[in-house]
Structures are given as C-alpha cells and as structure tokens.
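In the two assemblies presented below, chain A is common to both, partnered first by chain B and then by chain C.
On to the complex of A and B.
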C-alpha cells in the first residue's frame, strides 16, 4: 500500500452547533461624533442597569455606533422617568436634547418579558409636555430580548432619520484560530453573528482556508471559497440548515464570489488552469458560464451594480490594482479609479449610485475609503493602515472591515461619514473577511 | 429547539461520513476536526502532520522546501535554484511522485488580489521545473494568497517570510 497515494486529502468538515462558542464582543468607540442627533435613552430596568441584555443599553449602543446619534451618557441623565407624564421637557431641553426614549422591561414569570417603549420629541414641543412620536408594547421570550432591542433601535433610527436601520442585520466572517499545541496550523471557521458581534456561531469549520463570504440578496445563503481539498472551490451554504452546494471547482483559481442583485447568478474570478483570473458569471439555475474579461492580468473581486447591469472589479491591467467597471451587455470596460497606486475591494454604497467603498493605499497604508465616481474625490475613513475587506451595510451608512490590532485581526466598523469607528474584538484568534448581510 | 435538532442530525451525518471514509484505503481521509477551535482530533488529521515535509526535505538534502520572493515580485532568486534542482532530479527519477506548489503573498492589501499574486509565484516555479525536464503532470499549483501566513506579525521580516512557495509531496512516488 502506498502511504501517500492520495492526490487529494479530503478534509472532513464538521458543522457544529456549540453555543459555547459565543464571542463576548465589546465595542470600543475610537473616534468621536459631531453633528449627530442628540438623544437620551433612560434605563428601562433600573434593577439590572449593567446587564448586557438590558434593552435600553443595547439600544443606546446601537444608536451611538451608527454615527447618526449622540447618545447622552447615563450618568448625565437629569431624571429617569418610565412614563411620559413624568418627563419634564424643559429639564431635558436645556441639556440640548432633541429626543428621549423611555420605557420599561418587566419579567412576567413564564420565561417572558413585557417591554414598553416610548419615543418622545422634545425639540418640537413648545409646552413642558413632550410630544409622543411613537409608542410600542411587546411581550417576548427572555431569549429574544436582544433581538427585540435591535428591532427597537431600528424603528427609532427609521423614525428619526427617515432611513432603515441595520441593527437587526447580521455579519458573516472568517475566524482563524491557531491550534494551541501546534500554532503553525489553524482552524478556519465561517461565522455568522448579529451585527454587534453577539450570538456568533460557526456555520462551517475546516483545517484549510475559507475565504470571501458573500450573502444572497434574501439573506438565506452565503457563498464562499473553501480550500478543504487544498484547492479552492466555491460553495453556497444555507444559513438556517447548513446545507451546502458545490458551485465551482475549475482548475486554478476559483475566487471572489458575489451574488447578483436578483440572486440568480454569481460573479466569480476563475483562472481556468492559467495563471491569471478573469471575471465570469455563473447562472445558478443552469450552471452556464459567461466570461466577461479576457486578459493576462489579475481580474478579481467582482461586485454588482445595484441594477445588475454592470460589475465592478479589481484589475492590475494598468500595472497596479485599480477599480474597473464592465457592462454586462456590451462588455465595455471603464477604469473607475485613478487616485493612488492601489485601489481594490470595491462595492457600491446602497442608496447612492455614485459612491463606492473600497480599500485604498497611500503613505499611511491600507485604509477604507469612499470614492465618489462623479466628483472624483476619495474620502479616507480610517487610519489603521492594515485594513482589508470593507463591506458596506445595506443602508450604506456604515462599513465593516477587518484590521490588525496588536498582531491579531479584528472586525471594525466605520460610519460612512467617518465620525464613528468601532471595534468588535474577538476573544481569540483572527476575525477577517467580514460581509454585511442584507436587511 | 427545532434548529438544534437539525444541527444534531447534521452532526450525525458528518460522523457517519467520517466513519465510512475510514473504511476505505485512504487512511489520510479519515480526519474530523472535533470541536473546531479546540483542536480535538489533531493527532489523526494529516493536515496537521508535518512529518512528510520533513522526511522529503531530508531525502532531497535541503533544509526546507520553500522558495522566498521579494516584495511584489515573482522572479526566482539564484539562491533557490539548488532547491528547485533537487526537486527536479527527484521528480524525474520518481515519475509517480506528485507535488503541490503553493504560492503565498504577504498579508497586506486585498485577500483576493493576493490570491492572484500567489498564483503567479506558484506558476513561475512550476514553469521553471518544466524547463528543468519535470513532467507537468507531476505538479499541481495553488495559491493561498495571504490565507496561510508563515509567521504572524506586520513588519518587513514577517512579510519576507510570508512571500513564498511551499512545495509539498502528495505522493513520494
């Protein structure tokens, strides 16, 4: 018997369900906020003011991380009312507050909690009684209080900014953990978590790299690259069931998968046994391939325009990586970026067809930037210098990325106005290649 | 609860599959990464076994079957020609031997772009071995981009260790 007779060492993958893998992720605000909506959230449950599941605390965190709100610290609150009748509008107005959230959360026994929430407008009330903008009442299972808190953040955000909030969305990312007894080797996990990093669960683990997760437009599937056979292949996994489907296993590079806006096809980078990858689309129904680029440079990171008519991609055909756009019908290609010697990882920002988020290198290293295709201006949002994999939120207001902090990779988020930059530290290992889910 | 049941079912299937594969001749394909990050089952997983690499390096008379590259380059430096020659001689003498040439990039920049850079480095070594008379069918290439850094760290030394091709033998022939 030949001991090493296998061409392909099959890495057995195991999908597991351990909830003990929950990462306790606390969030650090690294830059301040100006010109944000001043708001105060009065604690809903004074008996457990420091509980991580306290609804008012989660809402306060969500809103302050969005970059759109200035949340008053709890220690500065002049009063802690639970009812609108008890609110002294003048007292709050003199502190410069526009809006106030009050409420209560009361356990009802049987594993459930009753939550009341009222959003008050102080700015437009000329009387000492505040105007009620919104009043909601919920009874939820105790296990659902975090989800409810994110929902409350969403409706407050939408009421006050006119845009949909993203606090109930999720992140997919890759977590890499060195083996304790042999740190040269790593375990790679495709993770799915709440958008604040809580509730992180592995969808898949492997002894070989996992790369480039991307969500289907309905949020039910994640497409990614897995090297479980030692060679790259593209799979989709059902987020709820973990069921996998092999999509692409061509010779050479199978990389950078991206769901089309209608969810029916993928754009991918394939080298087809040659050295350099080109951009293709794969019809998920028929499996039909459509080659878009055809040249001997690196062409990768396809990302669809919201209308599905064109695709952004990274290419070094001009000597260094820059962003190009190709029209699917005419296959006409246009160079989009000229500023700087390295632009990559581009994605259109939702709600703004002229702006793309990207990875930009200058003398401060690699940072997340927003490039305005119309004005040709580059706004650099971060300062770390070791950033990668920017992925914008579905409302275009925040961008998640991976960065190096003290020798480890962590996820961070920056608001699109650059005013709030937060980190979601992992307890162990590296967190990389984040992808923000759709709504 | 329903979800937990589904997960449990999938675990059973995964274990069953692992058990099936252990009955085949392929003893290398039996590994399960138990408990994921805890690293249970490491001893049985060939992916975590470096002994083949060490054995082949000894046979080839080299310290390490790795070729390093300069920043942003895919040219083979003269000091690595002896490593390529040792592999070429061995592969020509052992036509059943099979290698995997894995190209790697340093961790800066876009991960998928780095996959492209690593593939260039892997293919340049493959092409050189072909020039040296090695049958192309004995070689596969892959790029791990910046997914398998050789060392952790963000300085020039760490980067110089990351920009490399690792040659591993899937089959010693």
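On to the complex of A and C.
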C-alpha cells in the first residue's frame, strides 16, 4: 500500500514536471555577442602591488593576452577582498563582470610562498553571494611563483573557456645581439622563455647564425640549424641538459628542420650539393634518408600534418612561393594555396585539421594569416607588414611571430581571431624565429 | 411393328407349350388315379374269378360283354372327360386370359387412378402452394406496406429532428462564431503580446550571451529551463540539455542571470505563459 502511494506520487510528479516542461514557452537564442569574458583579478599581495612577480598581475596578463578575457584594470577595482565571504556579488555585477579571482600570496619565511586562489562566478545563481567555481592552495618556492601564476592562469582559462590554456608552455627563439666590444659582429643565442617572454634563458650561444628552432613533441628537445662551422648543420639540443646531437651535415643546405608528431623523425630541406633544396625525412633512430620532393625549384619549410601522413612545405615551383602538401606514402603533391603572390611558413593549427597558419603577402606586406583549406578563405590577422616566422600555440588560439619595430625585430602574439595582438617584452637586440612549444 | 409381331408370336408359342404341359400333367394325374381303383376291383375280381371258377361260360361271356361295355363306357367317359377337361382348360385359359386382361386393365386403371390421384395431389399441392405464395405475398405486401409506412414516419421524424438539430447547430454555430471571434481577437491580442515579450526576452539574453572569440560554438546547443518571478527576476535556471562543454553551458547560464530581470508582461494572465521559459542557445 505504501509502495503504491509512493509510485503514485512519483508518477504524478513525473506527469506534472513533463507537462510543465512542455508548457514552458520556447525561446531561441541563436546569436550572442562575440567578446571576451569580463573578469577581475584582485591583487593577491597588497604589500607589493607593483611587483612583476605578483601572481595576480601575471594571471591578469596571461588572461588578457589570450584574447578570451577582458581583464578589468586594477585601478578600477572597487574593493580588494581576499576572502570570498567578503565579496558582494551585486557590487561586482554592476561593474559588468562575470567572474572574479581573489587570493592571497604570503611568504612563509623559508624561501617559500603560500598562495590561495579562488575563482568566483557572479552569475551562477540569483543569490547575492557569489558561487565558488574553484578554490586552490599552493606552497611553492619563491622562484616558482611565476610558474605557479601561469598554472593558475591555465586552470582559470580552462574552467571558463572549456579549452586547455597555454600559459605554462614556452617559447624558443633566436636572440641576436651585437658583440659589446665589436658591434659589427653579433652573438646568436637560442633562447627558451616562458610564453609571456619572461624567464628567458639561452640554451646555446654562437658567433655564427642560429636558425629555425623547432620543438620535439614531448617538449624535451629543440632542433635547429647552426652555422657554427660556417656551414649549415642541423643539431638537436636537450632543453634540460643542453646536450647536443648533430643530425644532418650534408653538402649544401641543411635547413628548416621539423619534428614529426611521433618525434621519431625530422623533415628537413636539403640541397645535397645542388643550388636548390628538396624535402627529405631523416629517421632519428637509423639516420635513414627519404627524399620526398625531387625537382629544381626551392622546396623548404616542411611541417607535418597532425596525423603524420603528409607534410606541408613551401615551394616556388609555380613561380612564386606557395604552400603544397605531399603525401608520405604516395609522394603525391597537392598545391594548397592560390590566394596572393606569396604564401609561406605554413603550420597546421591544433584542433582544426582544415586550418593552417601562414605568412601571407599582399599590398599590406607580410602578415600572419589563417587559411581555411576547406572554404579557401584567408583571414589576415596582423597589419604590421614586416612579419616573419608564425608559430601557433598548441591550442591553436594564438600565434607567435617576429616583427620589425623601429628597425629591430621583436616577438608578438596574435589571437587566432585577430582580436588581440600584443608585443612581448622588449629584449636587448633582435628576437626572431620564434617557435611555440607543445603542452 | 415386326418386333412386336415377333414378340406376340413368341409369347403365344410359349403360352401353347405351357398349356400343353398343364394338360399333360392333369391327364397323367387322372390316369394314375384310376388304376388303383381298378386294381382293387381286379383283385376283387380275381378273387371273384378264383371264386368263380365254377362260374359258367355264360357268365363269363356276360362278364366280358359287361367288361367291354364298361371299357367303352370308360373310354367314352374318358373322352368326355378329356373333352370336358379341354373345355375347362380352354375355359380356364380364357378365364386366365380374361383375368389377365382384367388384371392389366385393373393395373392400367389403378395406374390411371394413381396418376389421377397424383395429379390431383400435385394439383392440390400446387394450389396449396399457390395459396401459400399468395398468402405470403399478401403478407409481404402487407408487411412492406407497414414498413413503408413506418419508414416514412421515421423519415419524417428524422427529417424533423435533423431540421431541429440543424437549426440548433446553426444557432450554436452563430453563438460559437461570435464567441470564437471574440476569443480569437483576445487570443490574437494575447499572442501578439506574448510574441512581443518573447522578442524582448530573446534580445535581452542575446545581449548577454558571450561568444568567445575564435571558439567554435557551432553544433553546440544548450537548453535551459528558467523559472521567473512575476517581476521577471530569474529565480532558477536548470540545464536541461548540456552542450557537452561545461564552460559553454556556463556562458549560457551567465547570460540568463545577467539578463535578469527579464522583460515580462505585467498582466497576470499573460505572465502565466512566462512563469517558465525553455531557452535554447545554439549558434548557427
């Protein structure tokens, strides 16, 4: 009898809810406003509000550089609470914010810092108290606070956008500085930095040019071209230990190395004593060569497809540089780009197998663009006109490049929709040939 | 004709054979019957003869004469008897023939009678049948007439009823039409108001729905069930159809709460439609 009445109740409720759901008026929202998420990062450490190592500042920079967040300037903050209980959602809501990051960073005295972080959602309910989306506590060495800040940026980014953040990844690039005592000579350094340009360290220095760095898929090796013997050779360097290995020293050009997705081989441009390079693969285990292109045009800048089955490259076989793709099994070549008189330096964008980033020249000069292989549309992201070496982030959301600013080369980043374009902190000398690391 | 002659010829031949046989049998019978009597006489006679050994010759001749006369008489008597028998036979034959004829005639008569009777019976039956038919027909006619009458009556009644119903329906229709027109007008007006507010709510939420730059929100649909207070304040939001991406679901949720209070009609009758909203976010 009791069971019966329970079932009756359940059935009644089900009928009630299903009918009430049916009765609900339908509203179709088919377009929103393309914009960044408005967020505020409250300073974690009020005692050192202008410290470059202040976690809140690093997080604010990371998020704003991504193009996915509109970070409220610290000077506009109405309050600087550290405790979630002290936050009035209504106050922050009126400022047009969606989310709020609060926290604290307290040195514990033994060279360590205790960091607390709370991500608050102001619109998760109709309550005036905000909803805690995430709360984390860390204790790290003082030297690791920047890394921790990037990690916090990553988890906030992923929580709010649904995609993995790239703030803990790194950049490799070549820094060129004049010799202090002989400005006509230069020093070339293979640099590795945080993705915001900070924490830059040389992996290798040379008085001869270093070119074309590329990361191994596990992020542990960098392959590059060095002219240290006055002739181009291809080396790998272990990022942690600096240990080097000579990979290719064939007659003529040894250029543009690119790690395969499985990390077992390289695609390279070799001239083999002729005047023009062709595309080859080198098995890193056996050293075995496999020639892919074989003609008299310039074939260079190989870049693997994510599935490792084909390789994009730049060739002037059609009269001007354009992007081609060659299938490794069949060696069949297909021209990929037709728009414009110059397309080079192509790389597949992560997460979207139909889009490639490339360097495109039109009447505005050389700019970073995204070309959609499916629709054949070219989206030009920058306006500088003197851009080089575009390299996309592992989430495909940003592209790092080098550009000419006042006669010097600097690094910049553009979001893949072109909305956010930033310059990385100035380095002494020229920064060129950037390569974005994997996750 | 010849066949018939042959038949009657054969018939008379057999008949004569039959007659001859009958005659012979009866004759032999009379012959057989006579001797025992004579034998006994003879034995008596023989006795007498033995006894009369001493009888005179005269007696003997007398006896012979008597015997002779007796023989003649017997012969005559036999002839006469044969004659009589033949006559009787003929008479019997005639009688048989007559009987046969009579019998045949009788059979014929009987046959005729039977036929007549049968005919009469058949006639009678036919008459009866006819009578029955007539009766049935009459009855049927009567029934049909009755039915027709009833039908007609019913029809008339139904027609009356239909006419009544039609009139009633027409009246009802007129009333309904008037009512419907009134309701339709009200409904249209209400629907217009509802549509207007649906548009306002759509705009309000769209203005708050953040689409992340470069994030492919295509093919992602989120459905939220929203409960509203009478002033349009969002009381509760329930995700009833996730896009599969929690971050994008959250952006939709944020849009709803950010748009709160939503524009809703103040008329309670109209607001009833807005108490619950099913909001589907889909980018296309």
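Keep in mind that, in the parts below, the second predicted complex is superposed on the first by the 400 of 439 C-alpha atoms of A that agree within 3 Å, B and C clash if a C-alpha of one lies under 4 Å from a C-alpha of the other, contacts with A are read in each partner's own complex, and residues count from 1 in each chain.
Here is the rule we go by: a contact is a pair of C-beta atoms (placed from the backbone, for glycine too) under 8 Å apart; a residue touches a chain by one contact, two chains touch by 3 or more.
Everything numeric in this text was worked out from a predicted model, so none of it was measured.
Asker: Should A:433 be classified as contacting the first partner (chain B), the second (chain C), both, or neither?
Answerer: first
Asker: Which touches a greater number of chain A residues, chain B or chain C?
Answerer: Answer, by number of touched residues of chain A: B.
Asker: Report for A:404: first if it touches chain B alone, second if chain C alone, otherwise both or neither.
Answerer: Only chain B is touched by A:404; chain C is not.
Asker: Based on the A-chain superposition described above, do chain B and chain C contact any of the same residues on chain A, and if so which?
Answerer: Residues 21 of chain A touch both chain B and chain C.
Asker: State the interface residues of chain A toward chain B in the complex, per the touch definition above.
Answerer: These residues of chain A touch chain B: 1-7, 9-18, 21, 175, 177, 179-182, 184-187, 189, 202, 205-209, 211-212, 227, 230-232, 240-242, 252-253, 255-256, 269, 271, 275-277, 298, 300-301, 314, 316, 321, 342, 344-345, 359, 361, 365-366, 386, 388-389, 404, 407, 428-429, 432-433.
Asker: Chain A touches which residues of chain C in the complex?
Answerer: Against chain A, chain C makes touches at 194, 198, 201-202, 205-216, 225, 233-236, 240, 245-248, 250-255, 257-258, 260, 273-274, 276-284.
Asker: Which bits of chain A are touching chain C when the two form their complex?
Answerer: Within the complex, chain A touches chain C at residues 20-21, 23-37, 67-68, 93, 98, 121, 123-126, 158-163, 352, 397, 415-417, 419-420.
Asker: Contact residues on chain B for chain A in the complex?
Answerer: Touching chain A from chain B are residues 3-4, 6-8, 10-11, 14, 17-18, 21, 25-37, 39, 42, 45-48, 50, 52, 98, 100, 107-113, 115-117, 119-120, 123, 140-145, 147-148, 152-154, 169-172.
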